[in-house]
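Some structures are shown below for you to check.
You will see two complexes here that share chain A, one where it goes with chain B and one where it goes with chain C.
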Partner chain A sequence: MSENKTSPLLVIGAGIAGVTAALEAAEMGSEVVLVEESPSIGGRVLRINNYFPKLCPPSCGMEINTRRLERNPRIRVLTSSKITAAEKIGAGWKVTITTAPAYVTAACTACGDCEAACETTVPDPHNLGLCTVKAIRLPHLNAWPKRYVFDREAVGDAEAKRIAEACPVNAVDPSAVATSVTIEVGAVVVATGWRPYPIENLEELGGGRIDDVIANVHMERLASANGPTGGKILCPSSGQPPKRVAFVQCAGSRDVNHLNYCSGICCLASLKQATYVKEQLPEAEVTMYYIDRRTPGRNEDFLLKVAALDGVKLVKGKVGRIERNGGSVKLHVEDVENVRLIEAEADLVVLATGMVPNAVDDDLAIFTRKDDEGFVLDDLSSAVTVAGVARRPEDVAASVRDATGAAARAVIAAGGRS
Partner chain B sequence: MASIPIVESTDLRAEFFERGGENAAKCYQCATCSSVCELAPADAPFPRRQILLAQWGLFDQLMGDPAVWLCHQCNDCSVRCPRDVAPGDIMASLRAMVVEKLAFPGALGSLVGNVRKTWPLLVLGPILFWAALIGITTGFGEVETHHGLQPGPTMGQYFYDALVPHSLIYAVNFAAVGFVCLVLLVSGSRFWKMMGDRQTRRGSFVGSLIGVVTDIALHRKFASCERGVPSRRWGHFMVMWGFVGAAVASGFAVVFLYADTPPFSWFFALPFFEDIGYPVPITHWNKWLANISAVLLVVGGIMLFANRLKKGDKLVGQTTAFDRFFLWLVLSVIATGVLTEFSRYLVADPSVGFAVYVIHLGVVLSLFLTLPYSKFAHIFYRSLAMVHQRMTST
Partner chain C sequence: MDKLGVFLCTGCGIGDALAVDEVIGAATEKGCAATLTHGCLCAPEGLAAIRGAVSEHGLNGILLAACSDRAKTREFAPLSSEVPAVFRTAIREHCTWSHPADGEGQTAEDTTMLAQDLVRMGLARLNGMKQIVPLHEEIADTVLVVGSGRAGLEAALTAARLGKPVLLVEEASELGGQLAHQVSIPPEEPPYDAPIPNPVPGLIAEVKADDRIRVYTDTTIAKITGQPGQFKLTLSGPEAAEMTIGAIVQATGAKPYDAKNLGHLGYGTSADIVTSQDFEAMLSAGAIVRPSDGKKPHRIAFIQCAGSRDDNHLRYCSSECCVNTLRQVAEVKKLEPSIESAVIYRDIRAPGHMEHFFVGVQKTAEMMMTRGDVDKIEANGKLSIHLSNSLLGDRVQIQADLVVLAVGMVPQSADGELIRELIDSRHQAEHSESSQVRATSAKRADELKHHDGTEILHLGYRQGPDLPTLKYGFPDSHFICFPYETRRTGIYAAGTVHAPMDSAQAAEDGLGAAMKAVQCIEMAKRGEAVHPRAGDTAYPDFFLQRCTQCKRCTEECPFGTLNEDKKGTPEFNPLRCRRCGICMGACPERIISFQDYSVHMVAEMIKSMSIPEDYEEKPRILALMCENDAVPALEAAAANGATWNPWTRIIPIRCLGSTNIVWIAEALSAGVDGVILVGCKYGDDYQCHYVRGSELANTRLGNVGETLQRLALEPERIKVVELSHDEFDRVPRVLDEFSAELEAMGPNPLKGF
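Then we have the complex of A and B:
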């Protein structure tokens, strides 16, 4: 690196990949601007109950990262912010970052008085809409920054005024406006992550049509102690624990009509969720319907361990149709190994849906190099590197490794290469 | 030790791919197709397994597999297939392969199987045959009709038996039908035995046959599987019943011709069957039956044809040379048949009607002769497979 002042690095997205990339770059000596669209950092991993295969909660890993963030003066974090314009300037980029109105300012002490004064409820984004929360609230237990968010559009002016008056430190400003800043950066790390494939698109599998057909991401919330059920796995329709749980693999994946690729994590996620069920409900029957059991490398051991559990069954065959059948759900599938059509009954069906890259519909110049599915490709000649699921579907461990590599490439790109 | 299947012939597989089965290679055996099929029996689901056998080139195993025929190609599977394999099309291509493999004599099977190249021979051959036959016998000159009736408004302006005596039609068509029955007996018994070797039949043949005929008459299988293309179901329904109606009307016409001879004269004593002589006026009920059948054939034929024009629709599927030949042949029979009748009433110059009539006789003969080897063979193999299925599931 030259003695000249180098431009800072821009990291877009503060999920596990973005945070890791920002930390690694900063710890290598770069100035970093970390931009996150949500009010708090952590992204998708904080919505996961446990990681596979070690079955530990993601919050501890994020806690360590948060501590590293807090201690590192080279990182500037902008939450509730997104890149609204990007222009190639010399070897780097000129970007405009727009920050949503700060209805709750940094003065917030998270005391909760505003929440008590608020009557309006909204679907809880952290719990994927499985429950409701107050329009002003802490995004979730481990939110960083620990500051309340205010869904200003959801409440009327009178209520907003009452909420503002309830704040003992005057941190609520219902008339705040959006702000924006334009900066020059030497390189960009794209870590925009993913969103779950919508189960509403899987109508033939009951997605969005049958209450007891949920997605794998919902299962994580049901199993989480800070989730909508306090960590109890319950059927949405009845509120009762399920006796039979079915996992439907490749729900909308490896499918030309939906996502034409394998997300590579859903088999392991379902196996992991099978352990959630068996731990809470030892009597429950768990069946996983699959095309191929894709558990590469050491994860094969995890597969064998879960498959050996009492009451866990793996059936080769993709579920083609799911319909309501009285109080339960009926699945139509061919048991390929026995060449038989089965009509299986279940109380709770988990669709193992894949990952959609968030960049798929983002048309900023930074994202111009994308593959057919919307995954972003490294473009070192434009000083753009990509980390985590923005680049390809992968698990948390791979995202973290990926982020280190992306950070290193970005540092090199920002320093200028001969 | 598990036995390892051997690819029986890579040539056959290449041939299968060439005849519309190419997408079978894309299948990754997820079995979505079998699970969405409304017709697949629970203990022998299709089409996933059949696609696997096709990938391996094991057509010998597919020859005696009733599943190939139980499929009515509603294409629900093709719509849902995650790899765009179009299992419905694969099954159709398999049927074409199996028809050729079961054919007796094999050479004729290959001749029609290669219809993409051989179709001119298959169509023009029978037409030229008729032209030659007429040239030799009546020399295209008008012959005395044996009833000596005069043309009139309900009779048409001329009679076709003035060109082609009925005896000639019997001689050719009865011979053709006899040939078809003979070869179907050979291929059918092979097919029947192969199915029996795989699965023991228990139920009664006659009882099952009655059930199958009812299913076919009402198009019950079509009804249970058809979701997206009702025009295919109703088009097929009309064409089938149109042909049945036309066959019955032709049968009655022959009876009317010969019932005045002693052993059959009791016939004219039946109600509605009084001797009206020949030719039969267009107002007679048997003509009504024939003309209603013609309307069914025309409307159904147009529906089936229009359906095939919807290219790229997964519910319609692909159209191979095998499909195209049969469809065009059926449409030609319908079109020339209707035009033959119209000409007699509307075109004063008999040579127009006679020309159309010769073509009509030719395409009808082509339809008969190719029946055991063309897509028309489905009428036979599918019915047998359906009977077999009933006998094994009772």
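Then we have the complex of A and C:
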């Protein structure tokens, strides 16, 4: 490619889709600015214990991506940052990127002395609030940048001062302020990703009401060695391992009262989580209630493999109501195949909730086209292209494929090639 | 390198945990030109101090004894362009964090000895390192796209828009592939509730109008030789041509599963049992009629999973048939509103936004739908579909006038490795001197004979003429994280040959594959490796004078980098190389070396370890660990406060597959008590980034056991462990267990010789 100097590409969001788009464009030769709202890259995938169907850890692929990224001088990464203003100029965009106060600066060596000096704890965002962490900490074990993050608001001035003094390289600045920068970019890749549909909205299924009713995203954390239980699957109410685990598919999905669409990944995620349970608790009974088993492509093998596990049962049925029943949880299920209503008991219920696009409540000018559900659409006439779940619900492999294609669209839009 | 400097960082607790003078002393003993300690090497002052020493002493190699090379990478990276050789040793993670003096089983003396060894090993490595001079080759810009279905058309247009000349080669006489004559496709934009016009005719027109794209129809590939950036292509067709191309997109698509195999669904017993492709032709013609009598059917039954998700046919799901059937139902309603449609399915697979389509079609078409297993379809006048386990009840019959079988897709790929094995087996069956080999080879050749004549790309590669495939014939490798990483550099699969997918995904896949192809060309121009060591400019050098033509390197390279001449001497194609070092591990003559990584360098690192003669106090263990998964897990453990025995000396290696047996021999003869290799999981769900590296290392070491026994050494002194990136909680235990096993065995009897 000719090295004609064009404006950089802007990639919004550094989950698997955004990181991929940034890398693919930069390895091609483009300058890229990658903006991430969290303090570290990796997004949702680093909160997953294992990928289906290989049952391998997401941090493994992210290790390679991180290495590609940190060694590529064409990518500028701005974490703890958001696009706060955007204006269309010429063929591209003028954007203002606002970075949260750098209470911990880039000088941080991740030595941990500050954490030792900190007493205040806060709910751990990496573990979805299932446990607490120090107010100053490494976001998680594989965080990149390998730099501490400080919940400044959570601690008083005196403690903040002690923490700052504990830092041997003066990287803690309790009085830091937000900064912002305005740049011109040639094209934008929107990779703002998703968040789980809140289980609190699923009151009839016990969401937010019954402590042993958890979401699939919580199950990932329970099964992770660096999760709140050190990787042990335990009932929140008793701290004991469950003997019966029920997975409720389409919890708030394919449902006019909640999400109209199918998130495409929940069936496979539940099957995968069934393997977590069986691996740790071979005696446990696992039942998955589904409408359709959506395991397309070669994932069919995974469905067969899990369905064949001793103690795993798949029932075509819609769970209508879940309630506490003494020490256990009772599910009211419409057994579709046998046309009857059944009741089932479980110790732990996992609601397979779907994905909500993060863009749904964001009115950034870059989202020139958005559907009713908050998914963003390509607008090549405005040099905006979309990757990953910001565009449609899909799994990691599809997000990576999309992101590679989105990188191509963005390079074309920014470079004036057509 | 001969003018070396050691820079010891004392920050992050390193200085407090070590006898710094003794560590520096170990460096001075090795005769390095400069040593420096600093409280924070990664800070601007630290970096300035390094630069000052480099220019003052004219250093050409520097050892940064500080944190892991996975930390502060961006801070230290500029040094690599200023100093010919830079090596980082992880004193912080591998030594002081994990061996605090107050930790269980740790002493300050042992921690310092560990740091001294890390410095000695780092210097030994630097001694052998050479300056990297990136390859600068003539690179062709043209992208070859093979196949012109939706994925191929999108790939061709994308590569052209990215500024590359494109050759689009199609075996048929017209462009468009399977979709060419489809009346519509499923929706791709909100509200996602009705079919949309088929975009393929428009894409064909765009391709034809684009003067950067040259189209060859009725044409196949006769031969492709060479390497990315320099492939020599020969076409076979009306316009036979030879040219040089840079990279390749294989978008050869899929063909429908052969319905002749579906006798149990009545195919062949009645003309009124047709495939979804046959039915599409009726929709295109605008006339839905029973082939048997030309009459309009009252009811059409669509049978899903016809020969899919079936042990006797295709085991996988083709992903697009459910939605395609919904589309056909919608088209029926549009064309002939009076025809009833019934859909018999196992699971309706309409993921994502296709749920809206599912709901939309249900609303407008009022179709009958039931889940059920089709036991048989009988044709006597009406067509009777016998169902069990249906929502209408067990063992029921549905009548229809026309049955449409939704058949799955079979990738139009060829398995290069199996074709190669077929050729080899045939050769052995004829020429082997052993009658037993002749017999087993003949048997294997017979098993593989269906691969005969299946070649598509006709690659002139020692490891076979096409991309290797995974299960079910899809050419792929790391299909979750890195879906474009086929095992032949510069050749990317796209569309339904790549994986079962729908039309929208195939379009996206075409874009992605074109992006990768263009990127490969750009990286080749810069002399850089592509994924996963993207940007690496070092490459292996072959000292062929000492080659014994054993062919291990040419056989083991997972990427088909090496060809061989008639005598079996490897022919290196650097632009195919992914820099894993598996060839280097395989070579018994140790003649394959990177500028910054070689058998010799690691052997010297091993020899530089100090081995106390008194075992009772100070055993020594060598750990060769994969830098992609095992080392990160170990470093996460160290950051998390884990400790392990102070006897183990860790050498991060590129891939376990780069392990050369000589390292084991060097270690044991130097008196090391045991060697542990920690690499990625292998097997069907392999996690090795180089596909087969950890598996190959395991095989190599399987052969070393006998040698050890001949030397009166216990084979258990060598251990191979598979470990995932996330097993930070397990890795210290793995190292300590091995230490305990060696303790039980007693000292290496060769120690002190």
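Keep in mind that, in the parts below, the second predicted complex is superposed on the first by the 412 of 418 C-alpha atoms of A that agree within 3 Å, B and C clash if a C-alpha of one lies under 4 Å from a C-alpha of the other, contacts with A are read in each partner's own complex, and residues count from 1 in each chain.
Criterion: contacts are C-beta pairs under 8 Å (C-beta built on N, C-alpha and C of every residue); 3 or more make two chains touch, one makes a residue touch a chain.
In this text, all values refer to a predicted model and were calculated from it rather than measured experimentally.
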Which superposed partner A:K318 touches (first chain B, second chain C, both, neither): first
First, second, both or neither for A:G230, with chain B first and chain C second: second
Of chain C and chain B, partner touching more chain A residues: C
Touching partner for A:R254 - first (chain B), second (chain C), both, neither: both
Partner chain(s) touched by A:G43 [first = chain B, second = chain C, both, neither]: neither
First (chain B), second (chain C), both or neither touched by A:E204: first
Partner chain(s) touched by A:G186 [first = chain B, second = chain C, both, neither]: neither
Partner chain in contact with A:V336 - chain B first, chain C second, else both or neither: both
Overlap of the chain B and chain C footprints on chain A, listed as residue numbers: 254, 292, 316, 336, 339
Complex contact set, residues of chain B against chain A: 28-36, 40-45, 48-49, 80-84
Touching residues (chain side chain A, partner chain B) in the complex: 204, 250, 254-258, 291-292, 316-321, 332-334, 336, 339-342
Touching residues (chain side chain A, partner chain C) in the complex: 1-2, 23-24, 27-29, 49, 51, 53-65, 67-68, 70-73, 107, 109-112, 138, 141-142, 146, 168-169, 224-226, 230-231, 254, 260-264, 292-301, 316, 336-337, 339, 371-372, 375, 377, 392-394, 396-398, 400-402, 404-405, 407-409, 411-412, 415, 417-418
Footprint of chain A on chain C - complex, ascending: 11-13, 39-40, 42-43, 67, 70-74, 77, 158, 161-163, 189-191, 309, 315-319, 347-356, 359, 371, 389, 391, 471-472, 474, 478-484, 499-501, 505, 508-516, 518-519, 522-523, 530-532, 534-535, 628-629, 632, 636, 639-640, 680-681, 685, 687, 689, 724-729
